[in-house]
Amino acid sequence: MDSRRAESFSDGVFAVAITVLVFNLLPIGSHLPLTMKLLGSYWPSYFAYAVSFLTIGIMWINHHTMLAQITRVDRPLLMLNLLLLLGIVALPFPTALVAGHLTAKPAGGQLAVVVYGLDMIFISMAFGSTWLWVAAHADSLGGSSRLRPRTLSTLRFTAGNLGYVAGTLIAAFVSAVAGLVIFGLLGVYYAFEHLPSPAPGVADEGEDSPA
Amino acid sequence: MDSRRAESFSDGVFAVAITVLVFNLLPIGSHLPLTMKLLGSYWPSYFAYAVSFLTIGIMWINHHTMLAQITRVDRPLLMLNLLLLLGIVALPFPTALVAGHLTAKPAGGQLAVVVYGLDMIFISMAFGSTWLWVAAHADSLGGSSRLRPRTLSTLRFTAGNLGYVAGTLIAAFVSAVAGLVIFGLLGVYYAFEHLPSPAPGVADEGEDSPA
Amino acid sequence: MDSRRAESFSDGVFAVAITVLVFNLLPIGSHLPLTMKLLGSYWPSYFAYAVSFLTIGIMWINHHTMLAQITRVDRPLLMLNLLLLLGIVALPFPTALVAGHLTAKPAGGQLAVVVYGLDMIFISMAFGSTWLWVAAHADSLGGSSRLRPRTLSTLRFTAGNLGYVAGTLIAAFVSAVAGLVIFGLLGVYYAFEHLPSPAPGVADEGEDSPA
Amino acid sequence: MDSRRAESFSDGVFAVAITVLVFNLLPIGSHLPLTMKLLGSYWPSYFAYAVSFLTIGIMWINHHTMLAQITRVDRPLLMLNLLLLLGIVALPFPTALVAGHLTAKPAGGQLAVVVYGLDMIFISMAFGSTWLWVAAHADSLGGSSRLRPRTLSTLRFTAGNLGYVAGTLIAAFVSAVAGLVIFGLLGVYYAFEHLPSPAPGVADEGEDSPA
């Protein structure tokens, strides 16, 4: 199977999941007189929206970078990709938990950020597994043979994932806000390139070929 | 008509339908203090989310496999595909019924899983009809002539469909949870390839051509 | 501009609008014990869902057929297409009105179907205008010159549109259900081909060219 | 990276964001007898829907025009594009504020339109930055060298952006409705072409190449 339609479906899921985040904002101020104080009191919703938007957006860019390196997908890759999407699609749920509970009423901010962190750990494990599959089967997936020895970038990628574990532990035992800030910073961290770019040969091929 | 835009539209519908499933999770814990006990009490929602996500995801992969075998679509195929999508788009509805009623308050878990099963039967009948149309008109749809004699795979496919009838009957007369577990297992069953892969000639053509 | 990305955006809007229809079903039975009587009492929701799904789906197929005849879009065509999408995206609103008011509690079924009909008239006028623009500028949009003399099909298309006016009037003065049934039948009517298919030359070109 | 998948993801986000606007209409009249008076009392919702739909739609057309001029995207462009989408996806939130507060019950119409205006300013700044990046790196992004000297169109584009600042100030100090009308007029203003069209050479290339 060529990788084009897997990209198209994934793009759709990423696009919908990132847009669904706005539903955390929609109930704000619908039944009360609208004041700056009321709007301001919803800062956890805006914060959670921004962190989740950044996370899904960066995740999409890296997903893009990953699939650009191959021209075919196989069944196990589709299944791993589906697991990744399962975690992405669920993200509006912990985002809503964080938006509703980060401040004290009703209580539970730390638990909310822990659930958020568990979803992020699930996502980053699924992303890592998908990436390892791509790297290990570069030949049969039409990728460049230069993909395999990139252990350094794989290491850096794994290091980033450990950050989600750290953020979750900090949310559980120290502070919900601190944990969420760490997740935001990890989004910024991943905004810089940590996956190898497509090898020049593949890129050229990508331009000559219809994909 | 070439099959590309039918794929793109179907991908969009699958992507939105799979993402809409998260709305079953969003109301969780919004007005109560967040505790692990509260989160745990919503296990039917997570279970229903996972089964429906898996089902739609696998359905998409098989839809992908099916349309990859042809290069054109005709009007009856578009109509059958629309019926399939009608069932897919409706799936968040029985998922919400299951999420809200699998445990006893308010009652109705068995009826909820029966409605779920009826939608699955509708979907699998629509999928089967679409597949039979593709197989029967492979020539005029630009598919490989090697598609037609695959009676074995068609049989296996039909056998899987009977599983949805069995799960529905078990939900109606025995146990709601047992019925839902069967639907989850059928998702896993379909994760393994039961449609013939595109014949090599078609795949090569697909790669040389710009599509 | 080439017509590909206009198709991709339109496909996305159609796909989301058709999926959003499920939100009319989601609140069903969420706070009451689930019984067949309760499920049955929501028949206007299922009916409205089916009519709107069919309408948007058929509209998408005809949109597909229309844009398949050209290879470029210009600014006025994009604006007309945007008006068409404005009407499509709004359709879940009258669908919800119909679902909530077709039976007597709370009253207003006839008004609900009239609003539904007004949106359908808006949609069919926008579709007709888009189609006339495509037919009138076939040359500059890269379409076949065989597009223009198809006055017969244009007439049949317009005749169908008058059906929406008739259905709206019947809903206003006779019966809400009768009006809605007419809209469903018009969906079935449009399921049969009333736009000229792409001329063979265009179709062949479409296959050789990367589009 | 080639620009195709960035377009596909952006199209998806635009398509979902524009469709999500309908959720502002869905709660209308669900618990009360449906009368023309009731429907009419919701005019701020229809008004806000129309302005936001027009704005996102025109924004999409201009986004289309912008990306059609290049064939590759780089990482900074993807990040700027993500910021633009952040603002677009958030738009249903101020739209809901306007729909709920433009008339006096509950109060806050001016604040609602100010929040709307702030989002529009954010969006137009992100769009302007994205456009400047495209114009400045036309060579490395595979665009035409004729892109750069278009200072006139850049000026006109910037002038339009100042309109959003003016509308926000008018909403803050004079009238909420006047501010919203200005945003609607700006949508109409942008409906006319203010970005340079792709140079003929690029357009031809785009047609010969598989993209």
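Note that the chains take the letters A, B, C and D in the order they are written out, and that residue 1 is the start of every chain.
In this section, a residue touches a chain if its C-beta (ideal position, glycine included) is under 8 Å from a C-beta of that chain, and two chains touch if they have at least 3 such contacts.
Please read all numbers here as calculations on a predicted model, not as lab measurements.
Participant: Quick one: compare the interface residues of chain A with those of chain B and tell me same or different, with half as the dividing line.
Facilitator: Different: when the shared numbers are divided by all numbers used, the fraction is under half.
Participant: Compute the centre of every chain as the mean of its C-alpha atoms, then state which one is farthest from the centre of chain B.
Facilitator: D
Participant: From the C-alpha centre of chain B to that of chain D, how far is it in Å?
Facilitator: Result: the chain centres lie 35 Å from each other.
Participant: How many angstrom lie between the CA centroids of chain B and chain C, rounded to a whole number?
Facilitator: 25
Participant: Considering chain D alone, which of its residues make contact with at least two other chains?
Facilitator: Residues 8, 11-12, 15-16, 20, 23, 210 of chain D each touch two or more of the other chains.
Participant: Which bits of chain B are touching chain C when the two form their complex?
Facilitator: Its residues touching chain C are 1-2, 5-6, 8-9, 11-13, 15-17, 20, 23, 71, 75, 78-79, 82, 85-86, 89-90, 92-93, 96-97, 100-101, 106-109, 111-112, 115, 210.
Participant: Under the touch definition given earlier, write down the residues of chain B that touch chain A in their complex.
Facilitator: Checking each residue of chain B against chain A gives 7-8, 11-12, 14-16, 18-23, 25-26, 28-36, 39, 49-50, 53-54, 57-58, 60-61, 64-65, 68, 191, 193, 198, 206-207, 209-211.
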